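Naming follows writing order (A, B, C, D, E and F), and every chain is counted from residue 1.
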Amino acid sequence: MNGDIHNFFNIDGAIVSALSGILPAWALVIVAGLIGIIALLVFLVPSQLATIWIERKLIGRFQIRYGPNRVGLFGLLQPLADAVKIVGKESITPAGVDKWVFWLAPIVTFIPALLVYAVIPFGPNLILADLDIGILYLISISSLGVIPVFMAGWSSNNKYALLGAMRSVAQMVSYEIPLVLSIISVVMMTGSLKIGEMVSFQADNLWMFLLQPLALLIFFISASAELNRTPMDIVEGESEIIAGYHTEYSGFKFSMFYVAEYTNVLAVSAILSAVFFGGWLSAPILDLLPAWLWFIAKIYFFFCVFVWIRATLPRMRADQLMGLAWKFLLPLALVNILVTGIEVYMNLHPLLISFINIALAIGLVAGWSELIGNRAVRNERRQYIPVVPVVR
Amino acid sequence: MVAQDSAIKTQPIVINMGPQHPSTHGVFRLRLVLDGETVIDVEPVFGYLHRSKEKLEEERTYLQTLPITDRMDYLSSMTNNLGCSMAIEKLANIPVPERAQYLRVIMAELTRISSHCFAQGMQLQEMGAWATPLMYFIREREKIIDLFEMVSGARLTFNYIRPGGVSQDIPPEFIPACYKFIDEMPGYIDEYEQLLVQNEILRSRTMGVGVLPRDLAINSGASGPVLRASGINWDLRKQDPYLVYDRFDFDVPVGQHGDTYDRFMVRMYEMRESVKIVRQALDQLPPGPVTANLPIVIIPPPGDAYAHIETARGTLGFYMVSDGGANPWRFHVRAPSLINLTALREMIIGHKVADTVVIFGSIDIVLGEVDR
Amino acid sequence: MDTGTAIAFYILAGLTTISAIMVVSLRNIFHSVLFLVLSFAGIAGIYVTLNAEFVAAIQVLIYAGAIVVLMLFAMMLTTNAMTEGNPAGHLRPPAMLTAFLFFITVAYVGVVTPWQPRAASAPTDFSINGIADLLFNVYVLPFEISSVLLLVAMIGAIVLARD
Amino acid sequence: MYGLGIVKGMYTTLMHLVRPPFTRQYPEEPVPISQRFRGYDFAWVEERCTGCATCAKACPHGVIDIITESLGDNRYAVERFDIDIGLCMVCGLCVEACPYDALFMGIGFELSSDRRWDLVVHKEDIANRGKFSAYYRTPLKEKIADREEITEIYNPSTGQNTPHA
Amino acid sequence: MTKELDGLTAAEIVARSFPDGIVEVLASSIVIRTDLLAEVARYLHDTPGLSFNYLEGIASVDYIDYFEVVYNLVSLEENHSMVIKVQAYGREKPEVPSVVSIWKTADFQEREEYDLMGIVFTGHPNLKRIMLWEGFPGHPLRKDFLEFDHRNIAPAGD
Amino acid sequence: MLEQYGIITLLLVVAIIFPLGGIITSRLLQFLGARPDNPDPVKLDTYECGLETIGATWIRFNFRYYYYALLFVIFDVEAAFLFPWAVYFRQMQLFGLIEMAIFIAILTIGFVYAWKKHALEWV
């Protein structure tokens, strides 16, 4: 296990082994870690700019307009220009705020966003810290994400910000449970919490989205709720509560929330592709590209899916969102755990499990939503012809 | 100090939604009192855009009042011109040539489509759909505005319909362009319905939300789609036909529940009906003059007149009093946007903050008309 | 315990202690809650130094994640305590007395206890499998009873808060 | 089943992704402008203008400022002809009112300025620009032709229509 | 087609219950006694066959000598309409009974007329300015309201 | 294993330095004059749609928010039990399955109770 550090990256391994005679052991850890972190930042920082550009451009094209196209070719330099602009913006700290918390919140918001990347495997052994508790670490760290949001919302001394913060806590509280439970059913199949081993499991068997379609659905919905993106962006629903928890933020401090949001989206895309879509595994035939490129390609694909959803759907209401989590996702996740337990216990063939689970997912989603959903919302076909003539 | 208020009571939180708020259609203010997220009281406050239009009109000649009516309901200025012109015609007994009446119908119905397009788009925007439906709807609205620019030369404040007819005849290229538009439009409406109408999020956000009961709708003077969504078959184009509306075959969509979804759908169907009317009017368009021969300054005899029309927002009425001079003595506007707000309080109370903007958007007001 | 771990332990222990002192000494409840998060995180770090990473993760998940949320909501139920701190009341003398007695007890236990690591009986397997083995094979009944405890907590909360 | 409506909506937006953009790249890509467009780009024909100030009277906001000098023989020289396009609301009533076809509105609209007083155009700015407005008016001849067809004419004193002689 | 009841018909209808309630019969409207407005309105609203359940609009006119408030009533059931007017004398505090209890729609419209024309609707539950702010000097739609000095007007408070 | 946590600590340090460095850079730009800083009372006002705030912001909220936190804590604890179970489940076979089924069933009773008592409705 300790050997993982030394070969998580070939160059890294080479440097570390070259230095191993010179430096003490703890310094080696720091060198290895720093190289890994730099590699991670080399991926993350350009990805920030790229995702912002992709989101704006893609949403523009969904809305049959051009999107950014002024700065640079196809507007490629637009995020850079935005970054330069936002650093030069005046930073306003309103009079009534709780200054310390107000300043700390944008810094703290970055910590969970970045820390989750420690356990994401970008390739076989291409992982910063291959923890035994992999996915549990990830969930624990991401559960901290609510604290900076509440810090920002509470310290702003602004009613919209406070409402946004309250909503954020409630939403995170509601969606964390189905998220965790959906992951548990995956863990039951793989028998390990390590994300790397989950990917290896998918290499031996089917990809997880075929084995656990219901878990995928629950995870996808819960994760996009945790990300506060449409249709679940009640935390910053601009038509209701202005900008939610970051209403009072401006300049660079505001941009930290923005950056953290995109970092989180990428992280969730990464988890989605690692846990459910085979991580670094290539699609069956196309085996030419290196593993990490496959993984990054999958991350970007899921990012585009998030953009697509954002471009299409209206926002849900806070109580409907909570209802979805507690009344729909949570029972389904519990059922899924039981069914998966029985399947694993009976040691069924993966293909059979996949078949059963897909059928079960469709049946459960359809049946349960019909059972608890508002039937009028789903089925009512209203007539819009003059039924009652008012005038004689 | 200790334990004197140990009972866990909620303190109401007072929130201003507006005047500077992303979803208030201008500068409108809702003073909400919240318990958690539930609205327990609401008070609409407006007047931020008050420009004293009624006073301005009193100082202008009858012809000069028209450009000012353009700026009341700036999303449907053609119908404002129409209502004002009809009141002046009634006051001064001015005949309107038949071709002008048909042109007025075409313009009024195109205005209805464009206004509804904007209303629907903004409604979705307020539901948080991130501008995509808005962009789709604005695409159609722009096509109508192009048509209007073709006839009147302006894109927002048209000043086209005048007392005695319209300001000028349509250019020859208008008719094919308009036919092209009304041929395309039903397809686009289908597209919107595919995008929106069966969307579960939209349905659950709107169904049963902001119910305006039938009796309250009548009693609070609601008009237009708001009234019809509450199940009242009252459309001035049918019940009190002005212009040549009685010559066209069209239906008036009427809802049954009076909730936000019905208001949304009534507008959706009205767009289809308007397309039908425009097509019939274009087919029947007679030749002839488009304006009555009028002196430069219209001087009606003393008296008063009230004319009302059905605009996209409801019953727009103009009450004019003449003292026999060149300027109106009194120029009163019955603004549908203002009066539809009367029942807003009853519609909002008990719903969530997020519903507030949706209900408010479903009334579809234009602040230029509320405040005048 | 090697030097690096020892350094980490002392840093974390200091962080935890200082945060804990701040939690009780600050007048603003929200600041206290934030230091509580820090304190929990420090404890999680100490667990890590003890090779108990599963417990550390649970510490973060349950305490820093869930309990703090409970604290936040509880905080939102208070009013002016948020900015002005708790008002002094007639419960102060008994509270001080209780705290003093508790301190005496803890101090006594601390002084009397022979601080020798009892390596023989301490659990050595901190991995998830080890914990699971203990939890689901050895301590089955307490595990099941804990679910009853949770059930009682849930129903009790609902019953209490509804009135 | 729940979710089908959402799927339909997602399909609709996906189909829009491959459509060409609807918006125009304004400064590079010229916007098609109707021939009747009423812009701020006024044009004024000095020879035709008699200084009667009908346009100034027709303007609802009174943005036209005319000062004339008598030349005798019932003729006037226009000394000053200022239009404050900062206040103008482009209703076009002045152009319609002009009995001599001396004032026009052009299709130009890119006339922004940093200072309010730069928005007042003087007669030198708009006189004899050579490009007459596109603002459509029935030519005078057609008007007369129209009038012959009219059988009734409105009589403001009685408020009734009387047969046209 | 909405049947517009002319002055004579309207007078006949009102006179059935209020023989002395009519002040003047005009071509297309009637002027009724101001103090009887609420009763007449209630009668017009409630009587089957009339059921003027829809108050389309309230307008007020300043005739220098007196103020006139014009009510445009429509019956959505019978599809007929009628115009009644009341007159209020006195420039200081012209008073007209409020009809909010009969038609809720009168709420904002009466407030608007109060704000801009200065007619006091007695019995209105919430008669305060609607377009302008409290403390605005005068009522701008009155004919004697000519000019005001912007500098003397207090900025809009909450 | 601790080495990996050392790396995570490094990452934590980077995660703090990154935004802090940005804010400090932005601050430095202000001293260099590249970033404006013109505070005035109106600009520093709390945003309340252009009006002054009515009443206090930090007030007592509806207590029903508290249910959510309580339910969340309980289900989070359940999830914490589920993790070791899910990993160890294969070794325990049927016994483990039944064990957890009972555990979940008992909690489901509470969940159903909460549902029936409308504790899951958001206000």
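Note that contacts are C-beta pairs under 8 Å (C-beta built on N, C-alpha and C of every residue); 3 or more make two chains touch, one makes a residue touch a chain.
Quick caveat, the model's predicted, so the values are computed rather than measured.
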*Treat touching chains as neighbours and tell me the shortest step distance from chain D to chain F.*
2
*Tell me which of C-F and A-C has more C-beta pairs in contact.*
C-F
*Inter-chain centre distance, chain E versus chain F - centres from mean C-alpha coordinates, in Å*: 57
_Quick check: how many Å separate the C-alpha centres of chain B and chain D?_
26
*Using mean C-alpha positions as chain centres, tell me how far chain D is from chain E in Å, no decimals.*
40
*Distance-wise, how many Å sit between the C-alpha centres of chain A and chain E, to the nearest whole number?*
60
_Sites on chain D at which at least two other chains make contact_ = 2-3, 6, 9, 12-13, 16, 22
*For chain E, residues that touch 2 or more chains besides their own*: 76, 79
*Give the residues of chain F that touch two or more other chains, as numbers and ranges in rising order.*
1, 5-6, 48-49, 51, 54, 57-61, 63-65, 68-69, 71-72, 76, 79, 83, 87, 111, 122-123
*Please give the residue numbers of chain C that touch chain F in the complex, ascending.*
4-5, 8, 48-49, 51, 53-54, 58, 61-62, 65-67, 69-70, 72-74, 76-79, 82-83, 128-129, 131-133, 135-137, 140, 143-144, 146-148, 150-151, 153-155, 157-158, 161-162
*asked:* Considering only the defined contacts, which chain A positions touch chain F in the complex?
replied: 1-2, 4-5, 26, 29-30, 32-34, 36-37, 40-41, 87-96, 103, 106-107, 109-111, 113-115, 117-118, 128-132, 136, 154, 156-160, 162, 166, 169-170, 173-174, 176-177, 180-181, 184-185, 187-188, 191-193, 242, 247-248, 251-253, 255-256, 318-319, 321-323, 326-327, 330-331, 334, 337-338, 341-342, 344-345
*Complex contacts: residues of chain D adjacent to chain A*: 1-3, 6, 9-10, 12-14, 16-17, 19-23, 25
*asked:* If we count contacts the way the header does, which residues on chain B are in touch with chain E in the complex?
replied: 46-47, 50, 52, 54-55, 216, 218-222, 232, 234, 236, 239-241, 304, 306, 308, 315, 317, 319, 321, 329-330, 332, 334, 338-339, 341-343, 371-372
*For chain A, which residues count as touching chain D in their complex?*
58, 60-66, 69, 308-309, 311-313, 365-366, 369-370, 373, 378
